[in-house]
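Naming follows writing order (A, B and C), and every chain is counted from residue 1.
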Amino acid sequence: MKRSTRSRILALSTAAVLSLSLAACGSSNESDDDNGGGGGGGESSLSGTLSGAGASSQDAAQQAWMAGFQEKNPDVTVNYDPIGSGGGREQFLAGGSDFGGTDAYLDEEEVAKATERCGELIEIPAYVSPIAVVFNLDGVEELNLKPGTIAQIFDQKITKWDDPAIAEDNPDVELPDTAISPVNRSDESGTTENFVEYLSATAGDDWPHEVSGDWPVSGGEAAQGTSGVVQAVTSGTGTIGYADASQAGDLGTVNVGVGEEFVGYSPEAAAKVVEVSERVEGRGEYDFAYDLARDTTEAGTYPIVLVSYAMACSTYEDEQTAELVQAYLGYMVSEDGQAAAAEAAGSAPLSDTLREQAEGAIEAISAG
Amino acid sequence: MPITTEPTGRQRTPQRLGDRVFSGASTGAGVLILAVLAGVAAFLLVEAWPAVTAPAEDMPGGEGVALYVWPLLFGTLLSALLALAIAAPLSVAIALFITQYAHRRVATTLGYVIDLLAAVPSIIFGLWGVSQLAPLTVDPTGWLAENLGFIPLFAGPASSTGRTMLTVALVLAIMILPINTAVVREAFRQTPRLHEEASWALGATRSEMIRMSVLPFGRSAIIGGSMLGLGRALGETMAVAMVLSTSGGVTFNLISNGNPSTIAANIALQFPESTGIKVNALIASGLVLFAVTLAVNMTARAVINRRREFSGAN
Amino acid sequence: MSLSTTDTEPDERSAAAEPLTHGTLPASGPPLVLLGAIATGAVLWLLGWNPALSGIVAAVGYTAVVYVWSRAVEEARAARDRLITAVVSSAFLLAMLPLVSVLATVVSRGLARFDGEFFTHSMRGVVAEGGGVHHAIFGTLIITGLTTLISVPVGLLTAVYLVEYGRGRLARAITFFVDVMTGIPSIVAGLFAYALFVLFFGPGVRMGIAGAVALSVLMIPVVVRSAEEMLKLVPNELREASYALGVPKWRTILRIVLPTALAGIATGVTLAIARVIGETAPLLITVGITTSDNFNPFDGRMATLSVFSYYEYVSPGVPPEASLDRAWAAALVLILIVMALNLVARLISRLFAPKSA
């Protein structure tokens, strides 16, 4: 006990500082020597940090875009904060992020605010993804269900799997008399909003609830996020839920009644809905907001889709940000970018027409 | 005692200055806490106010802020109190086992493992609750609903996924166990040896010794630890959000899939997609949670203060 | 304390009828019963019983057998002692079951990605499989370090104030409001810190220090509370002895009170760090997430293990397994960091604690 307390404190803190500073070196995939390891890097003149925030639905796709973009432009760092559509819109409008993501297009008030911030608003449906209706029922892998039947199941009006309404469309399937346990999202979400919008548009009589991101029916099983819903559907019996199709995994899926036929989900069928939908009128030149034709009877369309928009300004205050946003959005809508998102997040690629229009809008981004 | 005051010449002169600096610094730290808290309170009040004054139909649910918050408050209290009811006795048992029963080296290791568990992030408890615990509760709750269904707590119908209030209470109890235990254990360990030896000398058995000297000494720590745990259970966000199936109103039914949500979980679930007045409504619910914890702590303080002796062997 | 309670309790049998000596259980008796109970529980579990139920059956069985056996052989008080011992130990073992299960789950799921790449790579440029948490490990260490730097001095000084100086209104107010502060939900702390930083840096601000401030709001009251408890446990005789030797108050606190309580305080601080290091909600709001290295807490987004783990779980890519593996592995890293911290705390308390019985 001869050493004084002070010297011991000194020794300990020195050791702590030393060990920290020794270890605080960069990640080995980020050190300067092997940057852009995949090749193709080095030619880009872009550098800086670009920050976006918004919908969590397009997070997986954003991860793919960031990876692809940063490989081409090794000196650029892109960040995307999946804080949710509401937060994303608010932050973008307040100038807190360079670009944003949102599951619902901006309303008039928000467009006015956006115009104030950045001249013309650019809004592109960059991420289109089918929402699968998934279920867990022993021995059944696919079911044909009409919109009205889906609505009644989720409204807890149809409570047994061997209900005549289900049996009628599935003559070849042996349905057990298990109770149906519908699973919905417990968090407010764009997925819920799009699904409810679909039910309301195609089966208004059987779905008397208001359209919002909050699930309107109480008493069902509720779970957080897409992964939570998939987890709950998987672990229960006789469960049915709705989730981003890329996460459906081995669960049984529903072929949805469109017109006279039943269509299973696929990226192509989802993309087709956007094609047959109308652009919202009375909005800016670069504002590609769509009112989706949920009740379409067009053959081969899968109408339960989630459309998530990328938001950007046409004018930015400084040159560097403008260039970065232009390049990044350009990559997002490019064939490469859309293919990367399709692989990483199971989304539907943009149609050529829409891509050309979007490229025109992105072209217009400037500093001023 | 090995602590010796080193005879230094300067000792007398800086005595008053040192005291003044030291007491000033510690008072300043206390005041800083008050300032931070005032900031938080001001933030909550300012942000919650629009929700209180807004017309009832603008609130989610359309019935005003009180009816919006009530089921959430109910769910919060129910889950936290259940968790505490499970965890408090267990934590005392664990602390007793570690300090009084286990071999010293075993005790150190065990204490270490339990400290570690205090650090397991809540999303891990959430993941564990959903993937491991919830499926285990399905069969027992089914049995409960069938055989004890006349008790409102087990009215059923039992959930087929196990993501029920009962599961949440268990998860919360497990989450607060380490913190409860750590506080109680430290206090038990400080039981004056004289007290213990006096008991032994009177021929007490181990359990009598514990009842006579260890428990009375640790009582305020048991309450304090429980309150820390209760605070954590009341404010727990991620684990509840991940485990609980939140689709019901006010109900004591612990085993169905329609459960009231809790305030903190509801904020986490709804905040990302909320804008405008809904954000204010969420923060108003946060203010209520704040008030509840305040009340809980006031009660705990009152209980502890009633037996406030300056400790030690005197 | 009330030593008299045992005397006043009525003896169940009259002294005359009672023999002076009693039989005792063999020393290896209760442990053998316990082993038997554990074995029974394990067999039930292997037979497909619910593990929780098997555990409860084993615990109740053990308690009952020991009590009945002891009651038959030994005197009543000894039997009660055996009963309480059995209750305490089986409650302990029961409580350890889920805790061990949590640890085992994290370790077994987390080990899948415990490779070199996981510790040396960031997530920059990673889609689907691969990638690592190098950036998040340092983010967590830096932010938690800053939090500790803010919280421990403030918390410790406040505790000293409350125990040693505080009298009257201010002390009561601080005691009360520290309690109130423990009740701040973590997400509210995050919102508060965010709102505070928006005042200075404009909307959309994300930086490590904002996260440290948010975590400090959560950590300070825990430090105060545990330090206060520990300081209170320092026997008054020590203080009085020191004063009697003419040692000024501040030196008494620094040289006598704090060192005596140091072991407890170190545990308390470690627990407080443990409490905040895994916080997710406040960091989501204040620090955000990035895929790249950023070790500057005063500029821009940083990755942290908890937020990383959370996002890997809620928005997995295709296939989801790669993301989930990363989420579990990140959680395991977090636990290992806390383990290391615990070791340091133990080292500190061993180095500094006064040598006493």
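In the analysis below, contacts are C-beta pairs under 8 Å (C-beta built on N, C-alpha and C of every residue); 3 or more make two chains touch, one makes a residue touch a chain.
As the structure is a computational prediction, the values presented were derived from the model and not from experiment.
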Which of A-B and B-C has more C-beta contact pairs: B-C
Chain separated most widely from chain C, comparing mean CA positions: A
Inter-centroid spacing, chain B versus chain A (mean Cα positions, whole Å): 36
Separation of mean Cα positions, chain C and chain B [Å, integer]: 12
Touching two or more other chains - residues of chain C: 259, 313, 355
In chain A, residues with contacts to at least two other chains: 1, 56, 83, 224
Residue numbers of chain B (touch at least two other chains): 2, 131, 268, 271
Residue numbers on chain B that touch chain A, as the complex places them: 2, 60, 130-131, 134-135, 159-163, 241-242, 244-249, 257-258, 261, 268-275
Complex interface listing, chain A residues touching chain B: 1, 56, 83-87, 89-90, 181, 184, 186-190, 213-215, 217-224, 228, 231-232, 235-239
Complex contacts: residues of chain A adjacent to chain C: 1, 5, 8, 12, 16, 20, 24, 26-30, 38, 49, 51, 53, 56-57, 59-60, 63-64, 66-68, 70-71, 77, 79, 81-83, 91, 94-97, 224-227, 246-247, 249, 340, 343-346
Touching residues (chain side chain C, partner chain A) in the complex: 120-122, 124-128, 132, 134-135, 138, 141, 145, 202-206, 259, 284-285, 288-293, 295, 300-301, 311, 313-318, 320, 344, 348, 351-352, 355
Partner chain B, residues of chain C touching it in the complex: 1-3, 5-6, 50-53, 77-78, 80-81, 83-85, 87-89, 91-92, 94-96, 98-99, 101-103, 105-106, 153-158, 160-162, 164-166, 170-171, 173-189, 191-192, 195-196, 217, 220-222, 224-226, 229-230, 232-238, 241-242, 245, 247-251, 253-256, 259-260, 264, 267-268, 270-271, 273-275, 277-281, 306, 309-310, 313, 327-328, 331, 334-335, 338-339, 341-342, 346, 354-357
